[in-house]
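The following pair of complexes shares a single chain, chain A, combined with chain B in the former and chain C in the latter.
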Partner chain A sequence: MTTLIVIDQAPYGTWVGREALDMAFSLAAFDQPAALLFIGAGVAWLRRAQNAAGIGQKTLEKNLSAAPLFGIEQLFAEQTACERFLPDPDSRVKGITMAGSVNHLLEQYDHVVFAG
Partner chain B sequence: MSPALHPGTLHILNKAPGHSRFITCLANLTNQDTLVLTENAVLAASDADTKLPEGTVALGADIEARGLSDAMPVEKQIDHQQLVRLTEQYARIISW
Partner chain C sequence: MSTSLSYTLVITGAPWSSQAAQTSLAFARAVITAGHRLDRVFLYGDGVHLASALSAPPSDEPHWPQQWSEFLSEHQIPGIACIASALRRGLVDEREQARYELSAHNLRAPFQIAGLGEWVDSTLTSDRVLYFHGSA
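Let's turn to the complex of A and B:
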């Protein structure tokens, strides 16, 4: 059983995304293959050089970089959303697979879960 | 005697671009108004699809948290004290 967790909300403004990341890590911890897909404003998670100390939160970039260690198979990002919010490829964190068609990607997974 | 209040409206927006209230807010701005971006709304600073009005400002801590420090001129980034002072200058405030 494979699970795709979709994050479509911007980081830090709500706790929704963090809960989805915890779910992904929990699935992986129980050897349930899980992948993450960032779409819409959710691709803002993938911007480098975040520093959330000023708003009293931990920087998400560190959580994301630990994803492979936790067994999260892949991190996908919606290509058109990246072109809108992260036009400069150097501003994106490493290890992201661009998804040209979100629908096509959704079809590859047994379970799809949207955060929030 | 207290100083005259600004005739325009102060719009405080914390929704990400694409959110229905983000769209409604921008559609309601007049050139007398001031837009303050906070929390997720600061993503507009790097959004190719959003044209921000000239006088728009944003909370610096939210800008930095999201890695957008180079996407918003420093003089347009304010802190919480400056936001409070702004709210004292406007008769009408909308928190979206």
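Let's turn to the complex of A and C:
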């Protein structure tokens, strides 16, 4: 049973997204299938060449790039949110599957976890 | 045919900052009253503040940590605070106090500190895992 973790908040403002990512990594560490979905402002996680040093935080792009290595099955992004927040496809990290219908995607998972 | 279900509740909203503690407690009571089972309550993110032994609201206000701990003790339900979330937010038991050489510990009984593996176990073993967040 694959668990879908949904991140709907932009990075850096709160720790909610980081802690949701920890949940996904934890599932993978216990050999449980997990996937990530970024919706709304959460797609800002997918911006390439992030540099959070100016606000004294670690850049989350590195954490996210480790997801496939840790066994996260797939990274999805809400297509309309990407078009709004990251209109230039070249500004997005690679390896993301666009979800035209979030509702349709959610229906495919028995266990969906929204980041707090 | 039995229709009894097992539940895990994941609380991520902090008491007083959100209604998560209150809503989840009402739900937990309803679960028990209806004859279902509560496998575990898992506190994550800001939800770990519910396990603080140092909350001291005015006497005419609800005391969510106290109400939750009494409920857990009465029904012998494990209450787990995620260790990473707890350490970030200044919630420690005696063991973590010693490990990090801190001046005090403040975990309210019967809550325990443990890792996300407890939550993973719930996703595998409970019939339903419900989340109580701090925001809509």
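Simple rule for what comes next: the second predicted complex is superposed on the first by the 116 of 116 C-alpha atoms of A that agree within 3 Å, B and C clash if a C-alpha of one lies under 4 Å from a C-alpha of the other, contacts with A are read in each partner's own complex, and residues count from 1 in each chain.
FYI, a contact is a pair of C-beta atoms (placed from the backbone, for glycine too) under 8 Å apart; a residue touches a chain by one contact, two chains touch by 3 or more.
These numbers were taken from a predicted model, which means no experiment stands behind them.
In the superposition on chain A, contact of A:Pro87 is made with chain B only, not with chain C. Using the contact criterion defined above for the overlaid structures, shared-chain residue A:Glu19 touches chain C, although it does not reach chain B.
In the overlay built on the shared chain, the residue A:Ala10 is in contact with chain B alone; chain C does not reach it.
Once the two complexes are overlaid on the shared chain, A:Arg48 sits against chain B while remaining clear of chain C. Touch counts on chain A: comparing chain C and chain B, the chain ahead is B.
Residues of chain A touching chain B in their complex: 9-14, 40-41, 44, 47-55, 57, 59, 61, 83-87, 91. Chain contact summary for the complex, chain C toward chain A: residues 12-13, 44-47, 84-85, 88, 115-117, 119-120, 123-124, 129, 131, 133-135. On the side of chain B, the complex with chain A involves touching residues 14, 16-19, 39-40, 43, 46-49, 60-62, 64-69. For chain A in complex with chain C, the touching residues are 1, 3, 15-16, 19, 22-23, 26-27, 30, 32, 111, 113-114, 116.
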